[in-house]
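Two complexes are shown next, each including chain A; its partner changes from chain B in the first to chain C in the second.
On to the complex of A and B.
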């Protein structure tokens, strides 16, 4: 590890958190970020690169990295793992056809060493759409019970368009990371 | 940083700890103990030498040359929009690696007796990274700062007119202080550390 990486780690403000938004394309990652940041969500096009959003949430400064989820882009996700405190996996709960794909990608991500200590929030998004699976059902399909016992995780149902559930999810991940960081201090 | 540093743990400070467990009291002997541990520490002196060497490196021409040539080679890729291309991230990682390499090589040259990894260990253990040098180094590994640098470099390379405004800054020779009889301009307000500005100036 080089000097610059270490300096970044040391100097990273105590109250700063880095969150990584991942999930299949069209899951609603960018919409969630914009919604939580109070921005217009009516004209969002597929993310082909990545967005960085910095916002104040409670006492913390969140650095949210939102990376495109299309199949060809997923190989690039690994460039964003470094120093991630928490990841937010977003699922389109109404896209039943691709849930297998979703499970495979998620479990692949969980094997990444650089993400081993990161808290995991799963947003079962699009709860407003009829026919969407409920969070408990999503948890079952994604086989979340197979996760390593040391992982801090939670699944929350939400609707990025309506805003329901978003605060519950962010509250959980921010306080989980906050507690973890303070325990290490 | 919380808890006693490893440096202090090694010293015999038990008595002090016992005496003021739950209070803010400072026993009479406190100052002496602190003084002695500061001066007896060779590690502290090595750390300062490292920081001094770093200061020299980041202000020298080689370092700036490495940074500038990286910008020149890659700035064309960058565009001024909110969404970032995936390519930026790969370039950013290369940029950090290149600069890290330059710094490591120059440090080894300047202080052959101090191994870099000891310094890095000390840095991550103590969490002491205060001061201008570290602030500057921090901007080198900040993605947003990197993107801004690339964009301003690209704009400059394209000879865009607005960038001239950055360079041509009127220097007021008459200041408020004239009124009190001091005719010298107050240069303090014009001094700032900015890598972007340095590079823009280097191009002219």
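On to the complex of A and C.
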């Protein structure tokens, strides 16, 4: 009976997932996290550090690390790679001017050894804005076909403000990590 | 043989309080395990909110003027009694808090120009000097001059009506010690006392 309790405890602990949210500044990372958690998204200011949020999602406890995307902060991203199960890369699909910058930062991230095993969800955000590129177009501009074949990834169009696409994205990354990490249950 | 032993011993500075030590505490500390001046990183809490996860009911919320001075100006030669008051926060929560299943806490803090590595918080909660809960969270790295937020959810222990009544009847017998470490070195220690009102 004692052993059973121990096993159960270990499993409960295992049900935690660490997600890293990154992307250029003003991509909508914090808005996505607040929106998925059912919070007010009308007053969000630029993240000048990190926002950590724990939330219950299906049977998992998600620890979401949303790190600021301003240029001066990007050099610090690498401090948050450790133990990351999944990363969510958020793109402002209407900011065409900075898509090259966005691609360079993403491919830099993909070279990181500590993130090699992490599932990757790309949110093509701001689909509600006229002139925004569709997810397929974003995939092309970001050259996602150049990614290592072993990477689990998916691109999903979304609108953080309206909420469209967010559940599709989160459902995918949570179940992808779930089957990868907790498949022995 | 003796020489090998000495070489293997870990060199720790005197009066150094390690995370393992506070994790072994079974009752509130008598005083504070580090001076106010140990906070060399300018860690400053600016917002704190406690609410019920299910209903969203806010039981406590405080927000400092974000443009105000980074640190409360406590003189370094503070009278020990005054210092204890300054470092002990008294909270009054509605008694309904004790029946919440899950509690959400949100904390915002900023830091000064030095980066923090391995920033960790350990909080020990007591009722009538008996340990009731313990939390341990590792923030890891903190970016210099950053403002950061941390929102967490906690499952609350299920209390009987008799236990709830006892906690309501004994204001400030519910206490906690919060310890903050940077690289396993204690940089902050605060206390809190709680009363529950019907």
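Quick notes on this structure:
As a convention for this text, the second predicted complex is superposed on the first by the 170 of 185 C-alpha atoms of A that agree within 3 Å, B and C clash if a C-alpha of one lies under 4 Å from a C-alpha of the other, contacts with A are read in each partner's own complex, and residues count from 1 in each chain.
To be clear about the criterion, a residue touches a chain if its C-beta (ideal position, glycine included) is under 8 Å from a C-beta of that chain, and two chains touch if they have at least 3 such contacts.
What you are looking at is a predicted structure, and each value in this text was computed from that prediction instead of being measured.
Within the superposed three-chain arrangement, the count of touched residues of chain A is higher for B, of the candidates chain B and chain C. In the superposition on chain A, contact is made by A:76 with both chain B and chain C. In the superposed model, A:55 lies in contact with chain C only, and not with chain B.
Overlap of the chain B and chain C contact sets on chain A: residues 48-52, 68, 73, 76, 79-80. Chain C contributes residues 110, 139-143, 145-153 to its touches with chain A in the complex.
Within the complex formed with chain C, the residues of chain A that make contact are 48-56, 61, 68, 73, 76, 79-80, 82.
Contact residues on chain A toward chain B in their complex (touch as defined above): 1-11, 47-52, 68, 73, 76, 79-80, 185. Those residues of chain B that touch chain A in the complex are listed here as 1-3, 82-86, 88-90, 93, 96-97, 99-101, 103-104, 116, 120, 123-124, 127-129, 134, 137-138, 140-144.
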